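Here's a structure for you.
Each chain gets a letter, A, B, C and D, in the order it is written, and its residues are counted from 1.
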Amino acid sequence: MAIFELPGWTALAPAVLLAATALALFVIDSISPTTTNRGLLAGTATAGSLAALGVAVWFVLAGVGTPTIDGGRGVIDVLNNQFVVDQLALFFMIVITVVTALVTVASYDYMEEHAYQAEYYSLVLLAATGMATMAAANSLVTIFIALELSSLPSYALVAILKDNRGSVEGGLKYFLIGALSSAIFLYGISLVYGATGHLQLETIADVIGNGDANDYGGLLGLGILMLIGGFAYKTASVPFHFWAPEAYEGAPAPISAFLSSASKAAGFVIAFRVFTEAFPVAQTASVIGVDWTVAFIVLAVVTMTLGNFAAATQENVKRMLAYSSIGHAGYALIGLAGISADGGALVMGAAMMHLLVYGFMNTGAFLFVALAEYWGVGRTFEDYNGLARQAPVACFALGICLFSLAGIPPLGGFWSKYFLYTSALDAGLLVVAVALVVNSALSLYYYSRLIKAVWIEDPIAERDSLSQPIGLYAALVVAAVMTVALLPMFGPVADMAVNAATAVLT
Amino acid sequence: MAVEVQYYVLLSMALFSIGLFGILTRRNALLFLMSVELMLNAANINLIAFAFYHGNLTGQVFALFTMALAAAEVAIGLGILLVLYRNFRDVDVTVPTTMRW
Amino acid sequence: MMIEALIAVALLGALVTFVAPNRIAGKLAFAISLIPTALALWLFSAFDGSGNALLGGELAFSSNVEWIQFGDYTISWFVGLDGISLPLVVMTTILVTLAIVSSWTPIDERESQFYGLLLFIEANLIGVFAALDFFVWFIFWEAVLIPMYLLIGIWGGPRRKYAAIKFFVYTNVASLVMFGAFIALVLGLGDGVTSFALPEIADAMVNGGGVQTALFGVDPGTLTAIVFVAMFLGFAVKVPVVPFHTWLPDAHVEAPTPASVLLAGVLLKMGTYALLRFNFTMFPEQVEAYAVPIAAIAVISVIYGALLALAQTDLKRIVAYSSVSSMGYVILGLIAYTEFGVSGATFQMVSHGLISGLMFMAVGVIYNVTHTRMVTDMSGLADRMPVAAGVLVAGAFGYMGLPLMSGFYGEFTIFFGAFGSELLAYSQVFTALAMFGIVIVAGYLLFALQRTVFGPYHLETDYEIGRAALHDIAPMFVLLGLIILLGVAPELIFEMMKDAVTPILETGGGL
Amino acid sequence: MAGTGAFGYAPAIALFPLVAFVVALTFGKYMPKRGAIAGILATAGSLLLSLWLLVTVAGGEVYHETLYEWAAGDVLTEAGSNGIEFTFGLLIDPLSALMLVIVSLVAFLVHVFSLGYMNAEGETGLPRYYAGLGLFTFSMLAFVYADNLLMAFMFFELVGLCSYLLIGFWFRTRSAPSAAKKAFLVTRFGDYFFLLGVVAIASTFGTVAFAGENSFVVAAETAIENGQTLFGFDARTWVTITALLVLGGVMGKSAQFPLHTWLPDAMEGPTTVSALIHAATMVAAGVYLVARMFGYYALSPTALTVIAFVGGFTALFAATMGVVKDDIKQVLAYSTISQYGYMMLGLGVGGYVAGVFHLMNHAFFKALLFLGAGAVIVIMHHEQDMWKMGGLKDKAPITYYTFLAGALALAGIIPFSGFWSKDEVLYDALIVGLEQPVILVAYAMALIAVFFTGFYTFRMVFLTFHGEPRSETAEDPHPVGWSIKAPLIVLGILAVVAGLVNLAPLAKVLGVDITFLEHWLDGEFGSVEGLTYHAYHETVAFEEGAIGSETVTMLLGAGLSLGLALAGALTAHTLYNVPEPVPHKERLGGVRRTLEANYYQDEYQVWIAERVTLPVARMADRFDQSVIDGLVNSVSTASLFGGSRLKRVQTGLVTNYAALLVAGFIGLLLLLGTLGGWFL
């Protein structure tokens, strides 16, 4: 595969393809502004994201990012290191494009008779572009720009149901918190810049390493903390999570899926990259006088606990999933909490795997909610009662996703959770590991509540037979199948994740 | 004689705090937006000052980017404000509380 | 590859049944379930293993394929059978087949899903007993819960939802505790162990001197002790032993008869089986150190469980609590740590599986026609359904440990093994106390029989009851035959059990 | 290796009835006589084989063979031996051969009798009945020639099951099932100790064999000789303990005080069942077990004394209760208890021969009496109250005379069989008692019991057969067929002559050697090593005294007991052998109530069951539901409550979010700042 014959920027092909698709959609829209040809629009969007996915996978197979000594083609840097395309980037690009594809397919039915089809899809694609770029961004500048590029369309998407109060309220809260957070984030960047004089990650690391920043310990520390705030916002972690429940609940369900899976993953990839590339634990600690993993340990425990406890007593299914996604953010945070001077590749790889699995199972769960909204059966657990009698297949898929979220073997969720657990123990994070177990136990309760509703309870009100929207069903089933299918494929996935983590950590 | 960098930092921090204060106290969405702008600009001041201090242009260039982004953000924000007003007949950020707990 | 075939047939059968039309699901599932049963019986005849699977014994039908590599640890698909697991596998397949037949009458809605779940649970149960890699084992172990949760929740009685969730969450929390502890243990074992293959871990624990390095500042000894206790608790919920038993009566009472049969027949055995495989094989020192408290728990389970059964008026509750009591015997046999004690406990697992299965079926048959399980609601059923009544009486006496039925053999060997236990202090006292269970069990079962089966015919619920259908009765006769067969010729399985148990005791130093 | 000659067929003795059981159960309802034929043939076969065995044993051969290994394994026993085998095997020596004949004979006769008693009466569920009888006969015979303690225990339990099933034969009534339950429970309570004893003996000596070099008896002897310590006790004490544990089972089955309460209730079963199970054979199982492992008891004087005392006490205790019963079967039931007391006494004082002798005689005459009572009941159209009978003497002569024979034997009137054996028991008790005050007390009680025995026996006879008919059913009795008469005659003859096999007193007086049974049990015709009267007698550590010479003592005792028996009979005669007898109970005054209430034995046992055990169980149940389950549920409730509180943080007001966000951020800042020392 002739990667090196191509100009370097083509390494960003996944992101570029997504952007191109977005533009293509604009073109279609401008040619026929009133098109309601959902097939065309959704098709284009899906095709674009699938193409991006294909390219990403192809790069992986072609060995981009794997060190040349292992017969790979090494890391490719673009625009003199403003972007890098390594396994980490590709891994998350895959996650993001997969989710995007699922979401666009599902939207085919969901956004039926919605006025602004083209805008919707192009916004999704733009946000995806931003996230893909985040995966590859290697300098605080590009990171911030990519972050905004993914955030701004997201605001619009959440609020896209203009006449739906929930959607608008969610959008507003998402936006306001987002604006605040990005301001904090930017200020953090400025402080880091002040302390080190650089924005490109490796150079920052060098400055910290050779001790030029030693006089600015406080400044740098505050900056790092503010950066953490930015990531916490993007990954919906405490205390920057407040937007999540409302945004997820208010937004169109596919968008909730999109944000809670892809956007979260994107937030984590920049966090991983920044903290591994720019702030090596040991050296940074020697400058700012404290191990920044402490912050993530606290965040991880608090986030998973709050998310799960708050989810336990929800009546609204979508909101329950929203809180559960906060809880899962907490699990993934272990990946950062476990990084230490001597490695941490395992725990970080485990977090990456969890995000991948989460991309499937959580998307699946939210897509079922989308299906329910499409049917118009209602939003609470009671409204979901007895759905299995009318739509066994969809409910079967839902069951798989939920059990996987709860971490029941042999489903994907169990494996990633287990890897998190064991690697956390390996890293000596006893408290975090225990919190993980306790929260999993609790989460089992509210997930099984939903199972109970759809499979066990009898429907309250007699509802007429439910249609089977092709797009939603397809996306849902694919998500569920992948959740199971990961089981045999877990070997290679685990290897890739761990290798990627090792690569950025050294 | 140039002004010492820490004064710029103090200025930006003051600005940042004012913005934060605004966000916490103002209930009008527009004022909320303005406060955010203040905070962003505080960051810009930092960037430029530090660029001057470190003697490289990265910060100044980045400041330009941020202004553009800030503008985009405001654009989206205003759009959301419009639909907010359409749905709630108000631009008070504390009005929409249909979703809680 | 035989084990894989066994599991695969059950899984595929589950899928086929799941999509089959309700009308034929029952018969179809029965036909499919005959294949695993036949296979299992063939395995039984062709069994060529020896020794204990975890302690370097000759495995039968084993296969070992590397699967996932994470960090320093390899996870492999590793299954195999030894003298302990094979009988349990055979029992499982037989019980599932019979359970399917016994559900033809009571199950009248969503049949295909029901029978699909039965076959699915069979696959996982076989997996639990056959797996030799901790992960493979744990997967099946947990996967058993899902179908049982649905079986109870969908086809259960009035309070089924509460019971189902309680069963699901309670046992799952227990599994998590056990799981966490075990992983910590493996990490504590250090670089010596590079996989989760149980034999390797057992070897490291028994011959490799166990945990050497401190973990999180916990010194090895304490760590091992904590892990032992945590795992014991984790399994204790599953067994269940007092005071972790409260999910059982609820689950049993609410569950449909076939589910109860499997729950009491096999799921409870998972707990004792795991205790034997993990705690009592890998932690000889701790077993010795905690012998007295464990024996105390066993005795309390026996007596307290029997007392609870005495206080019940719901036939199913009576049998459910008596299961708690019988499981107490098993624990006693295990902690005795003598050849007879441990082998007897293993035998009792199978024996109790058959007998409790028989009891639940009989109660189910009665319920099918009377639509009540309350002792106070009926009497003199023998007048209307003599055969079913006869089987119930026979089962009851089997439960009381009537000689020449398997129950007696299990209990006697346990008592004999426990009485002379070297390892357990005051073993004679514990045995004497536990043995008193055989009086109480006779008490409540005979009382129940007197009230329900005998006396002048009377029925609160006005249903016209006649003789039960053949396909309701036949499974019970099969079980009865097996019970008597094992009671007369226990060596059929006792031999291989002893052979598999002895290595444990040798490593444990006890005999 | 299978035995040669007769012994080769020995297993069939037990297996015939088993076959009959299966046949009756499966094809019973299609067969003529509903399975009776099968049973009769089977028991007849057993009887013939048993007789053949008896002859063979008389010919000097014995048989001790392990047939089937049931379980085996390694175990380090307390006495130091290694490994143990639990097996099924046959031990056919004079004792078991004799018992085999008794059991199979009575079983055969009862089967025949049943034709008249059950079939003729048009009972339903006869297949069940005959299946039960068959299973019982199988278990009982297997128990009799079991060669080890465990096998004995197993069939001991099985006969218990059959007893349960047959007592509950008329399950449509309320009383029968309850009686069946009581019978099984009480005996089960005894068997608990028995099983404990078996386990203890097995894990002490590593063997449960009755006979041979590696029997637990031998092992115990050696242990005592070597002065070993077993489970923290010195060997003899431990032997005593285990012996007493086994004795628990004996007292349950043989209805000895305080576990006797089930036997009177057991009369709810068909009279044939009472005759076979609750008089002749199953109840004898306990006593037989003691005789079977007498060598072991012989090692422990304490155990023997306990046996003797319990026996003596029970004999008197039960006899007094028999005095006031109005139901003919009740009288017989209490007399049975009392008679087994005598056997226990006999064995307890080391009178091995006496005990077995009485066991045999009692088997015959008590079966006779029960069958006679059964005949009476048929005659009386299933009326059992003696006060409604009377004057049957002339209407049913055969029944009367056979019954009378049985009664004389029971009362112990010379020369009927009962006299000889009872007298021998009392004699053995006396000579030991002269040295052992405790035994003397036991002897005294047994002696007094003789009077009561004579009294209630003849009270029964007079009320039933003499005087004027006291009801119209008694006016025109229901005729009885040959199938009823024949067994009565056979047993009647036996009741008269059975005593001849061991005329010890005459032997002493005339100095002629006619104590055949003694020689028989002493192995003069052949025996298994160590299982002879002499062997036992040497081990038994009792001194024996005498008043004057042996003969004097003997005659004294015999005269005394005979006199008491006659006195009792005469009292009965004067009170009840009148045209219009009246109960005369008021003469008893205060005692009457106690007697009629059976000394409140049932009351306190029911009280224990219902006022103690049940409430405790209910309490446990409540505790379980509230406390334990409550804890479990409260955990979930607590966490859910926590969740519902925690989620209130999400107020919905975006300004609060901003504030909380900043607060959280500052918190984090303070944490890291303090850790990192940024504020310095």
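The rule we apply is simple: a residue touches a chain if its C-beta (ideal position, glycine included) is under 8 Å from a C-beta of that chain, and two chains touch if they have at least 3 such contacts.
Remember, it's a predicted structure, so these values are computed and weren't measured experimentally.
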item: Far-end chain from chain C, centres as C-alpha averages; value: B
item: A-D compared against A-B, more contacting pairs; value: A-B
item: Interchain centroid distance [CA atoms averaged], chain A/chain D, Å; value: 79
item: Between chain A and chain B, centroid-to-centroid distance (C-alpha), Å; value: 26
item: Separation of chain C from chain D, taking each centre as the mean of its C-alpha atoms, in whole Å; value: 37
item: Whole-Å separation of chain centres (CA-atom averages), chain B against chain C; value: 65
item: Multi-chain contact sites of chain C, meaning residues that touch two or more partners; value: 169
item: Multi-chain contact sites of chain A, meaning residues that touch two or more partners; value: 172-173, 176, 180, 184, 245-246, 445
item: Sites on chain D at which at least two other chains make contact; value: 636, 647, 650, 652, 654, 658
item: Which pairs of chains touch, using the document's own definition; value: A-B, A-C, A-D, B-D, C-D
item: Chain C - residues contacting chain D, complex; value: 166, 169-170, 243, 246-247, 304, 307-308, 310-312, 338-340, 343, 380, 382-383, 397, 400, 402-404, 408-409, 412-413, 415-417, 419-420, 422, 428, 431-432, 435-436, 438-439, 442-443, 446-447, 449-450, 453-457, 490-491, 494, 498, 502, 511
item: Chain D-touching residues of chain B, taken from the complex the two chains share; value: 20, 23-24, 27, 93-94, 96-101
item: Interfacial residue positions of chain C with respect to chain A in the complex; value: 67-71, 73, 113, 135, 138-139, 141-143, 145-146, 149-150, 153-154, 160-161, 164-165, 168-169, 172-173, 176-177, 179-180, 183-184, 187, 215-216
item: Contact footprint of chain B on chain D as seen in their complex; value: 647-648, 650-655, 658-659, 662
item: Chain D - residues contacting chain A, complex; value: 636, 639-640, 642-644, 646-647, 649-650, 652, 654, 657-658, 660-661, 663-665, 667-669, 671-673, 675-679
